[in-house]
Every structure is written in structure tokens, then in C-alpha cells.
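Quick one: this structure, given as C-alpha cells, is what I'll be asking you about.
Order as written gives the chain letters A, B, C and D; numbering starts at 1 within each chain.
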Amino acid sequence: MTPTRSRNGRRWRYGTAAVAVLTLGVASACSSSSSTPAASGSSSASASGSTSASGSTSGGSSTLSFPRSETLYTSGTAYGPPVNWNPLDTGNFATGTQGLIYEPLYLYDPIKNQYDPWLASSAEASGWQGGKYVITVRSGIKWSDGQPMTAADVAYSINLARTNAADPYSANVASVANAVASGNTVTVTFKGTPGYTEFTDYLWKAPVLPEHIWKSIPASQIATTANKNPVGTGPMTLDTANQQEVAYQTKPDWWATAALGYSFKFKYLVDVVNGSNSQELGQLTAGNIDWSNNYLPGVNMLAGAQGGNSGYTLKFYGTASQHYMLSGNTVWLEPNTTKAPMNNVNFRRALAYALNPTAIAQAVYDGIASPAGPTGLLPTLQSAGYVNSSVVSQYAATYDPAKAKAALAQSGYTGQTLTLEAPQGWSDWNTAQTVIQQELKAVGININVIEPSSNQRTADLDSGKYDLALDNNAGLDSTPWSYFQRVYQLPISAQQNAQMNWERYTSTSDWNLVQQAATINPSNTSQLDSIYSTLEKDFLQQQPEIPLWYNGVWFQGNTQYWTNYPSSTGGNQNIPAMWAGYLGSMTSVIGLAQLTPAKAS
Amino acid sequence: MSESISEAAAPEVAAVGLPSVRGVGAAPRKRNDFLYYGLRNKKLVFGLGLELILVLVALIGPMLAKYQPLQTTLPLQHPGSQHWLGTDLTGYDMYSQLTNGLRESYLIGALGAAFAAVVGMALGFIAGWRGGWVDELVQMITNVIVMIPSLVLLVVIGSYLSSRSILFEGAFIGLTTWPWVARAVRAQTFSLRGREYVELARLSGKRPVSIILKEIAPNMASYLFLAVILLFGSSMLIAASYDFLGLGPSGTVSIGWILNQAENGSALLYHLWWWFVPPVAVLTAMVAALLIANVGLDEVFNPKLREQ
Amino acid sequence: MSVNVQNLSVAYRSRLGDVTAVDDVSFSLADGEIMGLAGESGSGKSTLGNALVFLDPRMKATGGKVTVDGRDLPIADNGAMRHKRMTEVSLVPQYAMSALTPTRKIGRLINDLLKSHHIKNRDEVLTELKRRLALIGLKEEVLGKYSFELSGGMRQRVTIIMSTLLNPSLLIADEVTSALDVSTQRAVGEMLLEFRDRGYVKSAIAITHDLSILAQIADSIAIMYAGRLAERAPTSVIVDNPLHPYTQALLNSLPEVGVRHDQALLTGIPGRPPSLANPPAGCRFRERCPFAFDKCTQTPPFEEIRPGHLVACWKVSQEQTAVTAGAGQEQA
Amino acid sequence: MRRYLTRKLITYVLAFFVGVTLDWALPHFMPGDPIQGMLSKYNVGSNASYAALYQQFSSEFGLNVPLWQQYLNFWHGVLTGNLGVSIYENPASVTSVVFQAMPYTLALLVPAVLLSYTLGNRLGAAAARRRFLDNWVLPVGYIFQAIPYAGLALLVPFLFGSLWHLFPTSLGYSENLIPTFDWTFISSLLDHWFLPFLTVFIVSLGGWAIGMRNLVIYELENDSSRYLRALGASERVVRGYAYRNASLPQLSGLALQLGVVIGGNIVTEIAFQYPGLGSLIYKAISNEDYFLLQGIFIFIVIGVLLANFIIDLVFISVDPRTRLSMQGAAA
């Protein structure tokens, strides 16, 4: 090689390093420019925040970083970069939009089975006054832009859902005639019999919106506009957002501090966009994430870890015997009941007898998910008294291969191979598929496992072009109503787009019962109990779905910086989930308010 | 000889050398000469020996497994007498998975190489033989295919397919890697076309197909052989990437799939080394052995390259 | 004597053991002498020529001694040979068509070679180079061109100029004309003569199949057969009065000038040259020689039968002993 | 020259056309409905609000017009840089999402390709016909070359992260930083950049080294090398010439190799959760964001075309034959 060449070589090498620095520099410029409009107002805030963090400045230049000891890092909820803070865009909004910024009238506490008044101040049950519902709106609450939150905002929110089909809560208020604000109360009137159950759900699931801002949004866009400058009543305001994370800043004058004594001890909450399981685990164990709502396979191996490399202890909600995790939703084996042999009840019962939920949950989740009960209703509903144990003991088809073979013999099954679908890349479900395949093989049912893309799977289920599929039902709830709606809803159309009754099971009497349950005043518990018992009995006898296991409310907390995480044993018995539908509807915010710094600063 | 393209790299396995074979067209050397140098070429003996052992493992290994590859047993077992290579989080026996994965890798390698070789040779021969606009067209197609990023294409196609077979994966790999073979074969055919014996065959009225098969192909046999070996190795590597991304054949166990599972199961953080180190080592050995044998063979076919 | 080769043996390593391609060869060249070296393919003539300049790693010198201008030429020592190349001994290779790298301009190539030899007065050499280019009718622009831009004849001439640029004492010209058409052959041959006359090369060995071109340029011709010299004599003697039966056969087999005899094999003589891997004892031409007799089972000496005429043949030496006896008496 | 350029240009245009058409066609002729899949994430209570949302999104994504018009619209979008709206980052535009990720990918790819290419070539050239170095470079090169990207993307973080705790193994920068152009942030960027870079670099390095070694051996056995030696050129000069000649096939190899390196880069980014185009592809797949996937594909095709163009230019400047044939000196 000639000398000139080697000089070239050196130049190349410096060149490549320079290219790396340069492109990364551009990356940083791009990333920072991607922060939301809110950043203009808040970057100074976070800059001032960093001055309190002694270690984060270097070389005299002030670095925009969050002081570690005053920041709670969460993860496990966001599957994409935070770009949307519209609480009505339920498929899209950034973690924290509902709960940290927008709040509901009530929080539902599945553990104690009670409604905690939130933006409403009166007890939930006391609202039903004849055929009307009267909401007393808590006074003295302000939107984060300084405007007062009033009964008018509540009435506006209800009426918006009532009049605009794009509002995701429109079904909840289908029976509402009008909502009228007067002073600090809102009176909701109904067209005929109130849809008690669905409207009750509205009270704790739906966010209250600021009328002065929402009324200027075009009607067609109320559920899709990005709302990059969210104005809410919640404990935090939006700080910054970029591809990797969204950061919120604690509001010093959150109404609940004065009214209920709740306050966040952290100054910032940063929710990090999900990565792969292993990366989440790495971030969690490295102390970069404090609160993780990821499903982390094998995480129970670290349950006993005291100290570890970075001096952490992992906390779970439950104990080992409780499978560590709170049960969050039910996973079913869903038979297509319009196809033979799944249209034969004996075949469906054979499936139920052949499958061993305990073994499946153990094989797939290795101890961090609980096997499902025969009705599939979550343990919180069971402890709330919704599961009729005598019905269960009388009718349930529990694991018994001998009975499975007997039932199979009368099912008209002729040995054909049936497909079992689960979305490609859902690794735990894909494992479950093979376990189910083996268990069914053992009683003589042949299964072919297929893994379509999740869109394709949705299309298959919508249109009823499948044999067997894995599916899960909506999560923690205050009543079994939505569970049974999901099972029994009629009529069945060519496309079951709303994802109800995907198994296409037709039982008019059961659907009538479900509809009837919705119109019964929640105080009439005996009538409700009898309806739900019947629905459970029919479920067990007809086996339209075969419940397999409960997905956990996956939660693990690292105690390096924050302690007193929600736990079934401590004083913080709240829902440990930042997921949409949990945070901002259930007691997650109360759980967050109980966190205390690990080290007194 | 203005096209140095013929000396370009195989996909994935970079330019492991298939510099244009200069011995092409030289009178075929004696077979026992190849054998003599072949047996004395350390690289060839080592590479082929290692490959042979791995092929045997792929053939016999699964029969010795105590468990099915997708049979759940006790999770998280360390390697030992019960589970030779331990078990993963789900309780899959890693020995069984690895040996079955090995089988699938070879299958994919063979399929990918076969598809690429058939398409590449056919087009390369046609382009080199016919020349003119046919050549221009084939070259154009070749260059276009080269510029379409295949993994991204597979991602796009694969994400719409509900189930993919091994045949699909092999065919896809073959159909995206053939341009490399086609270029090389074209250049060689071009240079052989003008040889006297080819002229003679042409003048004597033989059909082009038979000239290509009987006169040209045998003269680049060693070259084609080397090319196929490289394709074999690169197909296995490409398949590992696809499987790692979850785009591999559904319902089967492959080495890339095992790595995908290990990644999903946080094997790194739990320090479950037996979950991912053996598959990586085995696949690396499979491909490295092929590459080493390839260079050895090249030295045998091409006396100039032998060690001095 | 500018070049003196004594008992030189060169072997190829092969899987069947060493093959002695040049076996105990001795000859010398006078200043200004161009010696033609002819023989069939595989006779060892190219090996001999190459061995004097550059021993391929697959070749080794197994014996003998070479001096150039009275100094030892360490042909077995590749390192020591490096600076002797181009300056003392040089080569115009058989493969001149492909000898020039395709990715550097000719001028750059020459410059790099000069640097490699630590030539201090490079400018003068380059001026000289241009003069020599002009001499043989090449434009200076050639230096700014790549080899593939030149025709075959130009490439051949450029290689000759490069190889002789540093005025070597010995130039090996290996098949310099084989690849060229007849008119260019003549030009290249004349160029060699011209270079010798101008002292660019002190002496040269022209290796070729083609006896006719040798007749044109060589002062003397050596005939090689199966690794050994068969006959060496001034050109006119070889052409008009060859003594060795092989030389005679070789000349007879030439149908006409310009046709290379490797295309028209020794049709007059049956048989093939012996394998060098395991050569027979004695005269190696014995098997094919019409005059062979029992003494030929011993190796014939390469003796000077007349001044400047050496032959390795028992029959010739017997006949000549008789003649020289008489001649000796005459001289005395 | 015109012929050469025309041919190149046609190839580029054709490749672009094929790329864009494939990109457009695939999602349209494959099973599954992206809007349906997207809406499955929403808590859609009734068929009526489902229909309302479906309508809304169909028009937002331009899917409510005839196919041929969608195709033309797609071309219009490609040419004007308007590739629609990402499903997964709704309402961000695909172009903006891609541009945010692109610097990270380039930061991995460009140095890894350039460094592995130059260093690998040098190593390989140095090892050719040098027993000692060859004994090291050859086996290590083979192993590097034979490691699957997916394997190295596990081994590297295992060793450097899980075991030795030397470098972070995921993300593009540490999550307690807000992107700003200052030293702390940049050092965090570099810290996170290193391991993925190393992975891409190592795999390529082996290939180039082995390839160059073999090519240089061929070149050293060449007539031109023999001639140089016969004229007493120093070994340095001989090797320099061999290197230069061997660089040409290596360079055209680089063009062929790009697709594979990009593939490896995607795998690596995903394994390291590095926020470049590879991770974006992965997210686009897992969120079934076809519009984003289409956009990324287009940009990668453009990137490959550009890189090929650059390599063409370099090739022309290095290979006198191509250059001169362009000047019309020889056909």
C-alpha cells in the first residue's frame, strides 16, 4: 500500500467518526424539534428542574434532564410514540391523557368494589332519583388554563356523547334524553327506562371535557384531533414528548390535594414507550424504569432478588400464591359456533373437559398468571359476589380427559383438523396454542396452529371465518354486564365489527336477559343476581366460550427510587396500572399518590 | 473483461471470493489431482469435516431427543443429564429445539440455494449466450432486483400472510438472491461463448440448450459449485434474520426462531445463556464451515491459490 | 564475459516430488551478445530464463552459480535479488499482454518502479524514457494512458522499454514476438537489436519457439531439450550446420519461416520428450534419436567442439574428436 | 458516455418504479383491512359508531376512492413527499415519522459500512499471503462473517451489557434526557450508539476482510504482480497495486451488499430498540401501520438508489476502464 493510500485511510476513519457524530447530532436536533408545542412553555420548567439535579450538569452547559429522585419512570402502556392527548381518541391517546390530565366523575375501585367520588362529590348510588340521575359536581376545581370546571362542562360532555356518534361513549348514553346543568348539579334525563348499567359505566369511564375548548373542535374530529395542548383537571400537565417518552409535570394546585389529601411526591412522571420484553426488563432492573406495566416473562424469577447489581427489589401486586399479578382480563378459547363440530354443545364441552387451565397458565406464564375459573368472570367480580358458586359446582366442565372423550363421542366430531388462530408475534399466546394443541390431541382432537397477522385475525373473527381462536375480553369492570354482553350480544351480522359475540352464539333468551340486566336499577341486587346466575348457568351448560386463564394486570415496581407500590398486602391496595381504561377510571391515580421516595432527600 | 461485476460478492456472505475463475475453460484437470489436493487442503478437510458432523447432528440429533421440540416440560432447567441443553422459560427442551432447528436451517439453505441457482443460472446463461437486447433486459432486471431491499420486501409481504411455509421462505430467499448468480454466470458465459470448441459446436448445428449444458456449464462447474456453496450459507443466514423477526415459517422451530424466543424471554437478562449461545454457535459453525470449505475448494480447483 | 551461468539446476515443487526443469545448464554470454534460446514447450527454456530474474515461489534453484559482470547473481535469494532486477537482470515476460496493471497509468507505474529502486535522478531517467519512446515511435502520451488503451504491439513495446529502462546487463526476452502479427514481430525484433546496439541492454537471452525470428536477431542460439542444453553455436552455424540430431530435426520440421514449430510438432521424429519428473539416465533424446547407440545411456558432456560451438551428443563428440585430432596437428 | 449513463438512469428509474408499484400494490392485494385492524384497538361500542369511525379513517387515509386513483394518488404523494398519515403515530405524517428515525439509521449504517469496508479491506489485504496474520484474520474473519446478525445482536448486548455492564443495550439515548444539542446528550447518544454500531460493523468486517484477502491473493498471483516483482518492485508496491485492482470487485460488491447490510441493520436496530428505521419497521408491523411501512419502504428504496449512485460515481473515479468507456474512448 502506498503512503498516500494510508493517509486516505486515516482520513476515512476520522470521517466515519465525524459522520456518526454528525448524523446523531441531526438526530438530536430532529428529536428535540419533535417535542410538542407544549414544550415551548415547559422546556424552561424542565430546565429549571435540572438545576436542582446536581449530577446532571456537565461542562457548564445545562442539560435538560429530569432529576432522577423527583421523577417517576413508568412503562408498559404506550405502543407508539406519544402524539395525541385527545381522551376521546381511545385507540391513540398518550398514556396519562386520561387520569393525569382528564378525569372522570367517579373512580371505580374493583378491589373494594366501590365508587370513589372524583369530579363528582356525591355518592354514586345516591344519584339515581326516580328515572333521573343527578350529579353533584365538586366545586372549586379549575382547568389547567385557569378556567373553572363547572357542571356545564359535565353536561356538555354527556350531551356531546349523546349527539355525536364519533364519541366513543355514545353507546353508554344511548338511553339519555338530555343532561342539564344547574348550579353545581347536572340532571340527566332518560328516554324511557334508563340504561342503568351503561350509564353507570359512563360515570367512571368517561372523561369530563372542558366545554370552552371542545366546542371549537369540528364535530367530525372530536375523536381524532390530536389535542396537543391538553387542558384538564388532573394532577399533572404535559411537559414534553418525543419519540421515546412523554413527560408530565405535577401540578402544585391539584384539587384532590385539598379535597381528598392526595398528592404526587414526584415532580415529573415520564412514561417510556414500550420496547421488547427483554429491553423493558433491562430498563426495569437497571433502575431506569420504576413502574412497569409490561408483561415480562419469567419476571417472578426476580421476586426473591434482594439487591442485585443495582440494589433494587422488585415489587409485585400479589404474592407468589396469588400468582403475583392481579387478574385483569379473561382469555378464552373461542369456538366458531356456527361451524360443525363447534356448533355441537357436546363438542364445546369436550373442549372444556380436555383443557386444563392450570397447566396452560403454568406452561405459558410460569406462575405469573392465574388459571381462569369456569365462568371466566374475574376474581374481583367473584369477590364482589357476582359468581354463583352453587351454579358453578353444579354445571362447570372442569379438566377431565375421560369426560372429554365421552362428550367427544357424542359430538359428531369425525377427526377433522381444526385451525386454532392467534395473532402472529403474540409469543405467549403462540406458546399457549401449542400447549392447547397437545392437550386436545390427547383426547383425539386434531388442531392445526395458525398465526395470521393481527389484522387478518381480526378480519377472520369479524367475519366468522375461523374454527377456534384465542381471544380476550375487556378488563376489570364493576359488573359482569359487559362480559355477558360480549358473550351473548345479538343480532349477529355478517361482520361482527364491534367485536361482540365473535363466537356467533345465538341464544335469544340469554341476550334478552343481558338487555334486561342493563335496565335494572343497580340497587335491585336480587333481581340482578338471579339474572347473572342464569347467564352463568347457560354459559357453563352451553359453553359458548372456554375460559383459559386471566391475563394479569402486569405490574412490577423497582424500589430503588420509589417505594410503597400498590400491593395486596400493604396500605396501598389500588390498581397498579397506567393502561388506558385503568388510569383515569380506576384507582391507579390514588395508587400513584401513595408512592413515597425511597431515600429521604 | 470490462465487467468486474463477475467478481462481486455473494449476498450476506460478502465477497468471500469468487473472483472470476481464471482457470475456467482450461482443460479439465485430472480428477485424482483434485482428490489429492483436496485431501491435503486443511481448510477443505476442516470445513467439510465440521459440516459433515453438523449434518449428522441435524439428521440423527432429533431422533435422540427425549422430547418434542414444542413439548412443554419443566422450565428453566440448566443443561444436564435430563435436558442436555437445558430448557427455556416455557419448558421447551433446547436440545430438541436446536437439533430440529438445525434441520430446518439446512433445508432452507438448500431450498434457497436451489431457487437462486436455477433462476440465476438460467437467466445468466440466456443473457450471456444471447447477448444483445436479451442481455440488456436481464441485466436491467438483475440490477432492479438488487436495489429492492429484500428484507423490507419480505416484511411487507410477510406481514400480510397468515401462515408461511418453509418452501415459501426458501423460495423467497432464492428469488431475491439470484441476481448475484446471474451476473457471474452471464460474465462467464460471455467469455466462454467465444471459445473454439463452443464455436465448433455451434457451427455443427447443435442446439443452444445443449451447447450450454454440454459445453459451457461443465467448464464452469467448479465455479458454479462454489457459488452454490456460498448461496447455501447465505440462505441460512438470511433465514435466521427473517425468523428472528418473526417472519419465518409458522409452526416450525428454526434457529432464528429460537433466538426470537430467547429475545422475547429476556434470556440475556436472566443470564439463560444456554438458550441463545448454542444456537448462535451452531449456526455460525454451519456457515463458517461452508465458507472455509469453499475457500479450500477454491484452492484445490485453482492451483495458484494454494498455500506456498 | 558479461553473463556466466554454471551448472544451473532449477526444480519445480510438485505433488510427485521435485521436477528438475533445468538440469545442470552452463553457458556464458559475451558483452553485446543476444542469445536465442529455443526448444519445445516444456523443454525448460522459459524456466531457465525466468530463474535468472525471478524464481517463482513454486520453483527453487537446486544448484549452480550465476555471475553478471563478474558479480554473483544470488538467484535463490529473493530478497537480495530484488534490487538486481531491472538494474542488472530484467525480464520481458511471455505474458506482456497482461503484464501491465489495468488501474494505473503507464507513467505512474514506471514512476513507482523507479521509486521502488530508490532511483535518485528520477527526472533524468524519465527524460531518457521519453527519448526511448520517441526512438521506437511511441508518443509521450502513452505514459498518460492505461494498458487497456494500448494495442498489443504497443503494450509489448512499452514492456520492453520498461524492462530495459535501467540498462540491465542481461535482459530475458521471453516470447516477445509470439503474440504479435508478422510485421510487428519484425519491428519488435529490430527494437531489441537497436536497444542492444545503443547499450540499453548489455546482453540478452531471447526465448522463443520461433527459430526464424532468432535467425533475425540472435548472435548465437542455444537449443534446449528436456531440461538440458543440447547445442549452442553462433546463429549462422546453428541454421546452416547444426550438429545435434535434435537441432537438425527441429530445423527440418519447420515448414516455412514464421510458422511456430509447436504447432507443427516434430513430425519427422516419433515419440515425445521424456517426463522430467523421472528422466531417463543418459542422453534424454536417446529414445527418439535415429543415431542412438549404446554410449548414449551415459549423459553426454556439453562440450565445445569448435570455438563457440557446444554440443551434448556422443555421436558428435566422437566424430569431432577425430576431426580435431587432425586439426590440432594442423595448428601445431 | 451517453449510453452508459442512459442505461444507468433507466435502471434507476425502473427500480424506483418497480419499488413504488410493489410498495403500493402489496397492501392493497393482501388480505386484511388496515382500518378494521386499527379500529380493533378502539373501544367501539356500537356498529353505528364503528361505521362513523370507519368512514372517517377511510377518507383520512384516502381509501375511499377507486384503486387506479389510489395508485395515482400514491405516485403523487411519493413525488411530493406526502406519504400520508401514520396509523400508529396518528396524526403525524409518515414523512415526518420517517425523517425522525432516519438520522439514527444513517448514524449506524454509514460509519459501520464505511469503517468495516475500509478496515476489512485493509485487514484482508494485509493478511493475504502472510502466514501469521492470515492465521488470525482468516478464522476470525470467517466467524464474523458467519455469525447471523440476530445472533450477534444477542451476544453483544449479553456480553457488554448484561455481563459486563459497559454500555447501554437499548434505546437511542438515555430516557432521563430531553433531546438537546449539548455534550451530555450527545455523549448519551454515542454511548447508546456504540453497541448496535459494533454489531453491524463486526458482521460486515469479516466479509470484507475475507473477500479482500482472497481477491488480493488472486491479484498477487496475477501477471501484473508477477511482472512488477520481476522488475524488482518492492513488496509494498506490489501489494499496493494488488489492493487497488482488488478494490474494484470489492466496490461493486459493496453495491450488491447494501441490501443485506440494510437488512442486518434492521435486525440490529430491532434487537437494540435503536430508534431508527429498523425499529420503526418493526413497530409499523406490530401496529399494522401499512402507510408507515409503505413510507419506510420508499425511503429505503430511495436510499439504496442514492447509495448505488454514489458507489457508481466512486467506481467510475476508481476504475479507469469504466471512466474511459464513458468518455467514449472505447465502447
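As a convention for this text, a residue touches a chain if its C-beta (ideal position, glycine included) is under 8 Å from a C-beta of that chain, and two chains touch if they have at least 3 such contacts.
This one's a predicted model, so the numbers in the text were calculated from it and none came from an experiment.
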{"item": "Chain ID, smallest distance between chain and overall C-alpha centroids", "value": "D"}
{"item": "Pair joined by the larger number of C-beta contacts - A-D, A-B", "value": "A-D"}
{"item": "Relative to chain A, chain with the most remote C-alpha centre", "value": "C"}
{"item": "Distance between the centres, which are taken as Cα means, of chain D and chain A, whole angstrom", "value": "37"}
{"item": "Whole-Å separation of chain centres (CA-atom averages), chain A against chain B", "value": "46"}
{"item": "Averaged-CA centre spacing for the pair chain C and chain B, given as whole angstrom", "value": "49"}
{"item": "Rounded Å distance, chain B centre to chain D centre (Cα mean)", "value": "21"}
{"item": "Shared interface positions of chain B, touching two or more other chains", "value": "159-162, 263, 267-269, 308"}
{"item": "Multi-partner residues of chain A (at least 2 other chains)", "value": "2, 276, 282, 425, 452-453, 456"}
{"item": "Where chain C touches two or more other chains at once, by residue number", "value": "112"}
{"item": "Chain B partner contacts - residues on chain D that touch it in the complex", "value": "7, 10-12, 14-15, 18-19, 22-23, 26-27, 30-32, 129, 142-143, 145-155, 157-158, 161-163, 169, 204, 206-208, 210-215, 217-218, 221, 246, 248-250, 252-257, 259-260, 262-264, 266-267, 270-271, 281-282, 285, 288, 293-294, 296-297, 300-301, 304-305, 308, 319, 321-322, 325"}
{"item": "Parts of chain A lying in touch with chain B, wherever the complex brings them together", "value": "276-278, 281-282, 285, 296-298, 301, 363-364, 366, 424-425, 427, 431, 434-435, 438, 449-453, 456-457"}
{"item": "Interface residues, chain A side, partner chain D - complex", "value": "1-2, 5, 9, 12-13, 15-17, 19-21, 23-32, 34-35, 43, 46, 56-59, 61-66, 68, 71, 73, 79-81, 83-84, 89-92, 165-172, 174, 220, 223-226, 240, 242-245, 247, 270, 272, 275-276, 279, 282-283, 288-289, 309, 425, 452-456, 458-459, 462, 474, 493, 497-499, 581"}
{"item": "Contact footprint of chain A on chain B as seen in their complex", "value": "70-72, 75-76, 89-91, 159-163, 246, 250-251, 261, 263-270"}
{"item": "Chain C - residues contacting chain D, complex", "value": "50, 53-54, 56, 81-87, 90-91, 93, 95, 98-105, 112-113, 115-117, 146, 148-149, 159, 162-163"}
